[in-house]
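Same chain, two partners: chain A is paired with chain B first, then with chain C.
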Partner chain A sequence: MSTLKVLEGDFSAWTCAACGQPLAMRPVELDYLGSRFTVELPACPACGQALIPEDLAQGKMAQVEKLLEDK
Partner chain B sequence: MDQVELRQWEARCIQEEPPWCTAACPLSVDARAVCGHLAAGRPGGVDEAWAVLCRTLPLPGILARICDAPCKSACLRAQRGGGLEMGALERFCAERATRTPRLAALPSRGKSAAVYGAGLAGLAAAWDLGRKGLAVTLYMDDPGKALLDRYPGRLPSDAVAQALDGLARLGVALAPAQALDRGAARAALAGFDAVVADPELAPAEALGLLPDPVTLAGDVPGLFAASLPGVDSPAALAALGRRMATSVERHAQAASLAAGREREGVFATRLFTDISQVADLAPAPVPEAGYGPEEARAEAARCLDCQCLECVRHCAYLEHYGSYPKVYARRVFNNEAIVMGSRQANEFINSCMLCGLCAQVCPTDFAVADLCLDARQGMVARGRMPPSAHEFALRDMAFANGPHSALARPAPGQPASPWAFFPGCQLPASDPGTTTRLYALARQALPQGCGLLLRCCGAPARWAGQDATADAATASLCDDWEALGKPRLAVACPSCVVTLKAELPEAEVRSLWEILADAGLPAPESAPGRTLAVHDPCASRHDPGQRRALRGLLDRLGAAWTEPAHSGESTECCGFGGLLVHANPPLGAEVARRRGQASPEDFVTTCAMCRDLLARAGKRCLHLADLLAPGPDPDPAARSAPGHSRRRENRARLKEDLMRDLWPDSAESLEPEPWAGVAVTFTPEAAARLEERRILVSDVQKVLHAVEQSGRFLKNSETGRRLAAHRPVAVTYWVDYAPDGAGGFTVHNVWSHRMQVREVA
Partner chain C sequence: MTRATAEVPFWARPGMRTVVGDALRPGGLDLTRRGLALAGVPRGSRVLDAGCGPGATLDFLAGQGLRPCGLDLNPPGPAPSAPGRNAHPRVAGDVEALPFADSVFGAVFCECVLSLVPDPDRAMRELVRVLAPGGCLVVSDLLRTDNAPRMRHAGSRAPGSCAAGAFGFARMLGMLQANGLFPRAVENHTRLLKELAASLLFLGELVSRPTCATGYFLLVAGKTGETPCSTTPACG
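Let's turn to the complex of A and B:
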């Protein structure tokens, strides 16, 4: 499955408090109502904890959620 | 919904019924459309109006000039100044149109017909049959001269010539006139598939025939004849020709002559149009030379453009989706039937307020609520209900029925009480202090003993189509009620009255407001200073007793009150009904805003949710309890509606306070939730986001508690702020925060999503 690039911006200031590592762009799996996507998101290279920024959650992600709910 | 049910729904909506003019026209001319084009005054409007006439009329250049306009007396405008001068408007179109649609005939069908006589019936039959692709022979020596002789001074010779040219282009062949009697008519069938006798040449009686009134079929197959109409009406004569032509076509196709012709010609329409607010306006007299452009436009503008749309005019929701119930029923059906692709009507189905106003104003009782509720139940049953639509409301309901909010006690000091006060779940959420005072008032009004039953009636789950959840809530409610000894219920919330009567049929359910009105308690001293507008909650639409009690109590309080627009049985919902405000927040806000405009006065109502949603929309609004059991607030109409988290806190606080003050011996001690000790404060921006995004303070506390447990959060090296996420059940909450230095947290922002992150380590 191809990895979707949905984020622009600089997340280099964010680090994972538990692992002490700066976040880096990496593929993260998202799923909702049985549909699964791989999206490139800032995440901790060690533990995988990902960051979903506000704009993404309230924008594109909300739109896709609605599409999937109506599917 | 199956196809049969869909048809039943569609048939109930009368918006697509023809207007009175069309129904009264023997040729079914759409005079409403003609007037619409003329009145709009657009360039080319006359040509568009003429095109409508050409689509419907046989020999339009002739009929439009001599039409006797039977629509005029049927026109609804006839009751408001005079029916539309449609005859003059038709003539105007015929004279002024610059373009006539191309006249086209269907390909030949290899069938033939003979038409005897060229009166309007014969000519119309020949015209229609030519268009239908039959080879027509018209027996008449000089049809043009016949027309000019028959309608002297009304037909320009070039119009007659154009009409005859049209017949020729349709392939109608002229043959020398022949006398027609019964024998000749039968003999002609040897050379043609069908024979049509123009009644002005040979009426049915002269042929010894008594034709079928619907099909005009004579005594042998293929022979069609008619009696002359009782009045000299060009439209009626042409309609006879059209009726015979339709029968000829069916005969030629060996199809049923009679099936499905109930609405051919003149019939009674089922359309309803409210003209109660229409002022009288008489037509301008028709000059001898006919209307000019301005006169025609003014006359066409008198057309009422008859539509029903009663429900759409009354309901912001039905208006919002841009159509009317017949179309909506089809959308709901398609939404259910779709196998692949996107369901287009989920939002429509979940946005109905289920308030019953449409059925109240609909001439045929079309209840969109029934359509939508049934669809919601079906969506839930098939696992197709969007989770985001109602989940928040159902969580709220579960909280109202949970250990922090729900309460069932007999009156203080009584082992059992004959009554129990049931305020509903939203009054305690909105205003616990007033709820407490109202309970005291209920105990005064019911001195034989009045306990308390705090919980939700289950309406939100019913509205969501979640019947299993609603049934469980009812069962739990029934347990509480039985444990109290099955008291009579004094109910403050109008929606609860409706729900409890349906769900708990064994219980005697009465509105608290009627009880208080009957009790005649002395009124509090502080009468409201200004005139109030009575907002009837939609749940009291069919409960005149509740509505009377509200007004009676206002009278006793000495309050001056007035009726807003749309009151009583025609009252409008505030936007909470059917969970609209949850499923479609922007439309819910618009509904409340519109309702607030129904009167310039402050509203007073008996529904806590109406009060809060109207207040949120900027309308000053009182709950009746604010007047009957006033508290310290000097201006309760200005009280802002508490937010989602505060509503829960209010319910919990009400229970705690009541237990402490009234039932101190049986106070339960609830184990605090593990996250409840997390101290949070919110920036004003974050507090606004909480409400807008329907995130609770407790959701934020859960996130921060989870962080305390796991130590997992993200840290911004530049700002020092932190970001953490947690997914308690079905929604992931993100909190942007910083420690406040005193063991708590300051929250700067919150957001959420339903999509689940599968972390890839």
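Let's turn to the complex of A and C:
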């Protein structure tokens, strides 16, 4: 499966609070209940921590969770 | 659901290729591989892919030592940018009226197609007609998990969504029985359908969750009273 582009917008102004590095878009693996999705998220190139914007968490990600959980 | 997404069937949405490549169905070629393993089709067998689409399954089957032939309403032409690809025979035709003689294929694959055809019973009769003695039918498709009737109007030739054309598994078993077939293996792959829907949600090509109760299955069937394909030389 290809990396899924789930975000629009420019996140280059964000920096990692722990490392001070500017975030860069990179593939991040999301695991839900045994299913794995590779999505492109802004992440720290040093420590790998990814930023999940609130609208993504409460929008598409919440919908995917409900779908996989049959809710 | 927006008007734009409601009018475009899943298989025709650009995101499908992002998720499953040219195998435009849940599970992509992984489920084809699984079906082939369950069917045990001998190398060199002539195999029909009924509803071959862009031809990903044809390439896969040829890579497994089989002799695939594709059928689709609108088979695409050769792709010069992909050497070695699309070199298999392809025929323009209707799965409800297969342009082949009886008993000529050692195996028939029909993946995510019966839910799209106007008359699945007629299509099943045709798929079984071209199957050689000892041959295997490999079907994967959506199924209704409630008792609701098929939403697609019988006989409609308009292109529609697979979800609207899905029917219950009891009907599938009835169609097999009516044509002298019995299921050798049945697997539930609803998880793959959910993962595909989830990926399309992520891509913004599915705005809301599917509303009808659907699952996904893989089935390998053979003719009643026959020896499985893998031990029958006639399949070649």
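One rule holds in what follows: the second predicted complex is superposed on the first by the 69 of 71 C-alpha atoms of A that agree within 3 Å, B and C clash if a C-alpha of one lies under 4 Å from a C-alpha of the other, contacts with A are read in each partner's own complex, and residues count from 1 in each chain.
Just so it is clear, a residue touches a chain if its C-beta (ideal position, glycine included) is under 8 Å from a C-beta of that chain, and two chains touch if they have at least 3 such contacts.
No experiment lies behind these values; they were computed from the predicted model shown.
Put simply, more of the residues of chain A are touched by B, taking chain B and chain C as the two choices. In the overlay built on the shared chain, the residue A:Lys5 is in contact with chain C alone; chain B does not reach it.
In the superposition on chain A, contact of A:Lys60 is made with chain C only, not with chain B. Look at A:Val28: by the touch rule set out above, it reaches chain B but stays clear of chain C. Common to the chain B and chain C contact sets on chain A are residues 32, 64, 66-67.
Across the complex, chain C meets chain A through its residues 18-20, 191, 194-195, 197-199, 201-204, 208-209. Across the complex, chain A meets chain B through its residues 13-18, 23, 26-33, 36, 43-44, 46-52, 54, 57-58, 61-62, 64-67, 69-71. Residues 1-2, 4-6, 32, 34-35, 37, 39, 60, 63-64, 66-68 of chain A are the ones touching chain C in the complex.
The part of chain B that touches chain A in the complex is made up of residues 341-344, 346-347, 386-389, 693, 710-719, 722-723, 725, 732, 734, 736, 749, 751-761.
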